[in-house]
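Here come two complexes built around chain A, the first alongside chain B, the second alongside chain C.
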Partner chain A sequence: MTFYKTFLVLLFINGFALQNTWSQETDVNIIVNKANKVYKYSGDDRICIVNMDIKNNKGKTTMNRELVLIRKNDGDNLKQKWYAYFKKPADIRKMVFMVWKNTNKDDDRWIYLPAMDLVKRLAGSDKRSSFVGSQFVYEDVTGRLPKLDTHQLIKTSDNYYEVKSTPVDPSAAEFSYFYTWIDKETFIPKKRVFYDKNGEKQREYRAGKVEDIQGEKTIVEFSMTNIQTGESTYITFSDVKYNVGIPDNIFTETYLRRVPRKWVSYNK
Partner chain B sequence: MKVHLSTYLSLLFTAMICIQLHAQKKQDTIKSKFKFSDLPIEWQGFIDSRHGPRIKNDPYQNKDFSLSETRLQLQLDYWTDISEIKIKTDFIYDSQQGKFLVNLREVNLFLTPSSWFDFKIGRQILTWGKGDMLFVNDLFPKDWQSFFIGRELEYLKSYSDAVKLTFYLPWFELNTIYVPAFNSDIFPNGERLSFFNPFQGSFTGDKTPIQADKPNTWFKNSEYHWRARKNVKGYDLALYGYYGYWKSPAGVNVQNGNVTFPRLSVHGLSFEGNLFKGITSFEAGYYKSINDPNGKDFTIRNSQWVFLLGYTRDLKNDFSIGAQYYTEVMTNYNNMVNNLPSGAAKPKRIHDMFTLRLTKLLVNQKLNLSFFGYYSLSDSDAYLRPNIAYKLSDGWKIETGGNLFMGKQDTTFWSQFQNNNNIYAGLKRSF
Partner chain C sequence: MNLLSFSTKKPKAIIFIMLAITTILLLFIPQIKIDTDPENMLSEKEPVRIIHNQLKERYNMHDIIVMGIVNEKHPDGVFNKASLTRIYELSTFAYSLQEAVKQTDSIKKEKNELSKENVVSYTGVIKRDVMSPSNIDHIEPIGPGTLKFDWLMSSPPKTDAEALGIKDKLLSNDMFKNTIVSEDGKAICLYIPISSKDISYEISSKLQEKVATYNGDDTFYITGLPVAEDTFGTEMFVQMAITAPIAMLCIFLLMLLFFKKLRLILSPMIVALVSVICTMGLLIATGNTVHIMSSMIPIFIMPIAVLDSIHILSEFFDKYQEIKDRERTLEIVMKELFKPMLFTSLTSAAGFASLALTPIPPVQVFGVFVAFGILFAWLLTICFIPAYIMLMSKKSLENFGVKKENKKNTLIQGLQSLSYFTRSHSKKILLGSIVLFAISIYGISLITINDNPVKWFTSSHPIREADRELNKHFGGTYMAYLSLTNDTEQAKTGKEVQTEIKNLSHTFFNAGTYDASYKIKMDSLIQKIDTNAEETVIYSQITNQLFDIIDYSETDEEMEVWEELTGKIELTALAKTQIFKQPEVLNYVSNLETYLLEEGGVGKINSLTQLIKKINKELHEGKEESYKLPESFSGVGQCIISYQNSHLPERLRHCVDSNFQGLNLWLQLKSGDNKDMEKTIAAVETYFKNTPPPASLKYEWFGLTYINVVWQQRMVNGMLKAFLGSFIIVFIMMAILFRSVKWALLCMLPLSLTIAIIYGVIGFIGKDYDMPVAVLSSLALGLAIDFSIHFLVRSRASIKKAGNWKEASVIMFGEPSRAITRNVIVIAIGFLPLLFSNLIPYKTVGVLLASILALSGLITLILLPALINTLERFFTPKN
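And now, the complex of A and B:
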């Protein structure tokens, strides 16, 4: 009988512990999902000018890119459409890059090269290669879906949730895990460090200036540094506008050729 | 009838002024401080100098270089919410030919008055279809000569003097293009590149370049192109049509020996989408040689089916790979063979090839190593295009590459260009 009682008590404790783990997991997923929404999904749509300084390991700007970046959410799910119109440098001026971010299959990606009037589809499978020669990879720009990683709440400090994220499919990523420091108040990811397969620091993302734009907390200055090479990329957002009513049809092959001037020159 | 550059320019400037006046009328307030950068005008361009010697002496060419030129390209764009004007001109010093040239690549007016309709008139570059350096339903002019001597890739596409109307219908997008006077490909004619001339049974070089009977009367020798296009859940589907002439010589005038461009119509379709972890595409077209419907005239190219299957994939670390299979199948083969003059070589019914593209980016994507190769199974010949480009900065780029043709027989498609094998190097400054 004692055995039976002990068994019941153990079962109860176990169940409680299980429930506890479960709720903690839910908590961390809630945090990560909320941070993801704040970070990459604020507003129904957003338009801004992106300025990108690519620096060498001595901190000298070696390359500069400027583009108009338009983003639109697909309702409440995590699908999105992105449209990037390049203004600088001269050799890729007027090039357009378009992404349909999908949640259950590879992204659809297009590029338009005006000199040849050529619309080219790009395979959407490799999201871990550099975005236009910067330290950011494509997925840093369009956002990594939370479901691609398992998340673990490592620490809760006064200001931050410290979360460790490990890819579900390790072969699909060039890192082995990353840590993110999420602001407890705003849910903005302030810092993220990627570790390589040897457990060495690989790249470090830092959010700089955050502005309140139309009620949305927006990171307007941020950087990515390759810890191993010392090279870095600094991005600033300017003329950020939310909920401007970007029509859906902007994100079609048609508007790669027929550049939507109203939007691309919106800040003029 | 010929339309001159001055006519184009005056029409465009009139349009510019009208649009500007209209736009100003609409403006409620006029800014007191004028700034040039506020004007809806953008200009850009580049200077590019490139030179390419033949690897071996070509007995059919006087010059050692197939390419030696410095060009300045200037592009001016002006736009309002509903219109855009583009002027793009190349000023070239061609040291291979020893002369200055001005090449007006684009002068056009693009009107986008409504969400269901737009309109582009003037000299323009047009492209569609799914091939990578192979074309099935894209019957817009190509400049094969530029391609074979090592000019930048954008010069593979030559311009059309055309009107393009696009209708955005509820179920699909419809593009219709009218070209009043036929624009042919720019094909090797002997002047820079020698080739095997089957009608003479020998190589043609710069001593005796071939002459062409080109149908080029405005409004009489016109081309018509159309495409209906739709994206279904991320998959691109399209139907195409063309009525005009073969774009490269496809016949011979037996009286004077000039090459000709017989009538051609093409109907086809294409598919492209994200499949098998890469981009998979398919394109097919039926080429109907209208002047020789039964294929009995051996001096005119036979009707044919053309199929293309393509796949490209991004592997990790900025490495991508692409492969295509392309085939042309003559539809009236037996009639042609039965009507060949006695002793004439019998062409093959099927002409097919594989292509392979490899691209690797290094040094923060500043160094681009690329290879593109055609290999024909039916002809056992090949054309290889290796290229190395390095971006010294945002403005400067250096580049070197080669155009290598190989094969056993003189007469097959790639093999006939073997005397032109060349390497080239170039320096480009964009601004």
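And now, the complex of A and C:
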């Protein structure tokens, strides 16, 4: 009798505990997945002009880049295609960077260098190198898949969910974990801080101005600072347009050399 | 003389005043501020230092600790699993030596959860910039059309085979070969940048501690100028604390041997100690930092402070038993010695004070304070020594100076035979001196001016060992940087720019088959250019207008034409400012590098040209024939952006500044000798003279190896000026002392010969004329004249008394010569402990001090009597 009682009590406690963990885990994953959708998947497709200012540790702009960024979702799954066409500075004009973001294997990435008329496939294993000399890495641009990390809800404040994400495979990342502050209302990640392998702050992402464009919450100003070097990159989006019907065929090797003029020109 | 009677009448008052002053100045000593940075040999406002700091900032450069790992035992050198694992770990350990400096709490309070992180800056190791196999990128073509960027060693190898793979990767990159990896594959070098030079000893000690925990066949070495300089500073103060007291002890023991009376010989020791304390106290009280130079002040003051006391004691020792009255003996002794002591002190002080003429702040401080110390010691000697003797009980002096009466000792006998020798062989002595002088002058002509802070350590010191080993395996552990900048004087006039754009557009339209309307439209744009505007403004205005045209193009074809033309114009504008993307400029730089590697004594150069060539090669499937600079501006730009796609794009800034207006060559030299750096500097000059650059380029050097050359030049020139200046001042003083130019000239002879011989020997044996040798030239002058002054002042008096030199000579080779000989022995031997120091400048000072004193004493006792003997008539005209 006593045995059964104890058993039942234990079962109850366990069940409760289990239930609790389960719901919390689901909660944080729901938050992260929702934030991911808002952050990188709004609309069916999107085109915008990106202005990128790279600043030194004194806050002085030392490099500037301008590119047209095109992105197209693959239905409801997390696959995507990205196409970045560079306009400025003049010596990298017409350079193209293209990504097929995959969910179950490495991304496919290409770069086109017009001066040498070279199309290069970039081995996909390393997505964490710099994006054209900025403080953003490639993965920051195309988005890091939530399943690559385990997420933990650290704190829920009045305005934000504070989530800690730790890579499932630590050897595949140069950071050890990162914290994200997700806006409770819009699910927009407002701030993200990466910590290096020594546990020190490494890079900090901050979202600035958010605009409502065609019903999509869009971060049109954001920055990434390398805390250890003091250098930072400020990005502004302009001419943002959603659901313009970008054809699939521009995301092919052929269109690396043959610019899809209709989409990348100023008066598109 | 009033001072003397005061001292003998009121000895306690003298001692009280002395103790009071000493105590006050002693209180300042704990506030000591130590500065071990040789860079401070130059004033902070020196243009070369300002440029050095500006360029370091421009290219984001830091001082570097060089850490080498060599494995001679394993067949694959360090490229085995165990060694690379250690190297990986060591790098990770080095990263952990970075410390974040955070904002204070008061500011922190205002922050909410989204505010910026509060890290302000970092000190210690600059983690991001550490060059080690685990903190560099590897670029490699894998299969046709595919390129791979990856960390070269993202984790320690799991097998020895993997370790060998890492070796291949390292050796495949010219930027790493001879810099990170040795060509024979035996060794790896880590370059650890630090936030400031003055922590290099601390950081290197932490690295040493870490390394000490490793077992295995690897040998670890640490070197580099920052480490050498900072370590020298640290060890220097240890040496000060050891050698100065030992020297003092030696002097003390020798004096005990001569004068036997312990209580009496304590007095010169007190004079020396008080002089040192007061001088250092005053130095610190006046807010000066204790620098490498000023740390040597005690060593210089001590012998000089003791010198005068020995003259007094020696004389007192010889006379006391005759007179048997302290006060009267002192009166006689002081009367005889007052003038020579005053003048010897004044000349020594003048020798040092002349250092104030050098343009080097620490040397100025050193000179002025040693001069002060000497004059202070003189004052102490004439006040304190008599007072001290008066305070001793009569009884304790009873036997003082008695012994010599009983048996003739060798010193007395030896000096008397020397007296005979100088009279009988005077002509030979003079001839010999002239020959010696001539030979010495030839020796001086052989002197090489050179210095290298690493060589301030003895050759068995770990830093010297590291220096030898690592420079055997790598391109070099000494860093010098050559910055090239755009030096285009004047922008083009508006009219010229207008013509330029017109030509550009015509070339464009003539090259293809375009509708004539485009050209007409463009011409009307060009016509409207505001020719009063600046070049850059004109370019941005015209491109903005073209963008409008593009936006309102009606057909795709039209848009394409305008876009093409706009691109061409933008590119032209860009190429004007970003000159270090221009292939012809880069080719020039590349040729300069080749020249310096062949002719300039440079071990390795890391540069933008090398980086571009490497990327270009890998973009072209790793083909060797593509290891070259691209032919177009855009090609260069696209190689660079490919590099910026790596993990560490900010490293580009070490090679070129962000607007491509300044390019930095990182030169690794195998030797830090100033003469070798000078060779490299000359090679660059020659190259620029013989090969005019394609664009107007200005070059500037920076880096510690270069700074050392600059302050050495200052030092050598400054010392020469100071030496000549003090020579003249001392001569004038002698003329005043003797009231005779010919006696003054006579007095200058022994010191001239001494200095000639000393520096002649330095020239013959090939010892570099370095910092300590340069400083000692003024010391030599001040010290070497002392004996001549004593000898001549008293010779003159003796000749007057005796009537001729023959008899005077007998007097002179009595007590006066004994005092000189005792002085020579006490101080020369007293400084020999410096020879056991493990720092070369201390050894140099020890050897030079001993030889200057011994030689000038000897020359005084031989040359002067021989000269007076030969030229007796000239010096003592019969009335």
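Please note the rule applied: the second predicted complex is superposed on the first by the 265 of 268 C-alpha atoms of A that agree within 3 Å, B and C clash if a C-alpha of one lies under 4 Å from a C-alpha of the other, contacts with A are read in each partner's own complex, and residues count from 1 in each chain.
Note that contacts are C-beta pairs under 8 Å (C-beta built on N, C-alpha and C of every residue); 3 or more make two chains touch, one makes a residue touch a chain.
These numbers were taken from a predicted model, which means no experiment stands behind them.
Aligning the shared chain A places chain B and chain C in steric conflict. In the superposed pair of complexes, A:S130 makes contact with chain B and with chain C alike.
In the superposition on chain A, A:E231 makes contact with both chain B and chain C. Of the two partner chains, chain C is the only one that A:I111 touches; chain B does not reach it. Contacts of A:K184 after superposition: neither chain B nor chain C is touched. When the two structures are aligned on the shared chain, A:W100 is found in touch with chain B, with no touch to chain C.
When chain A is checked against chain B and against chain C, the one touching more of its residues turns out to be C.
Looking at the shared chain after the overlay, A:K209 reaches neither chain B nor chain C.
After overlaying the two complexes on the shared chain, residue contacts for A:S157 are found with chain C alone; chain B is out of touch. In the superposed pair of complexes, A:K201 makes contact with chain C only, with no contact to chain B.
Listed for chain C are the stretches 93-101, 147-155, 201-209 or 219-227, of which 147-155 clashes with chain B, judged after superposition on chain A. According to the touch criterion, the shared surface of chain A, contacted by chain B in one complex and chain C in the other, consists of residues 54, 62-63, 88-91, 93, 113, 115-116, 118-119, 121-123, 125-126, 128-130, 132-134, 174, 231, 261-262, 265.
Listed in rising order, the residues of chain A touching chain C in the complex are 54, 56, 62-63, 88-95, 111, 113-116, 118-123, 125-126, 128-134, 157, 160, 162, 171, 174, 181, 190-191, 193, 197-198, 200-201, 204, 206, 225-231, 261-262, 265-267. Put simply, chain C touches chain A in their complex at residues 92, 95-96, 98, 100, 113-114, 116-117, 119, 121-122, 127-128, 137, 142, 145-151, 154-155, 547, 550-553, 556, 559-560, 563, 567, 570-571, 573-574, 578, 581, 619-620, 630, 632-638, 641-642, 644-650, 652, 658-659. Of all residues in chain B, those touching chain A in their complex are 38, 40, 44, 46, 79-81, 84, 110, 112, 115, 118, 124-127, 153-154, 156-157, 166, 168, 173, 229, 231, 234, 236, 272, 274, 277-279, 281, 312-318, 320, 361, 364-366, 391, 393-395, 397, 428, 430-431. Those residues of chain A that touch chain B in the shared complex are 54, 62-64, 88-91, 93, 100, 102, 105-106, 108, 113, 115-119, 121-126, 128-130, 132-134, 174, 231, 249, 252-254, 258-259, 261-262, 265, 268.
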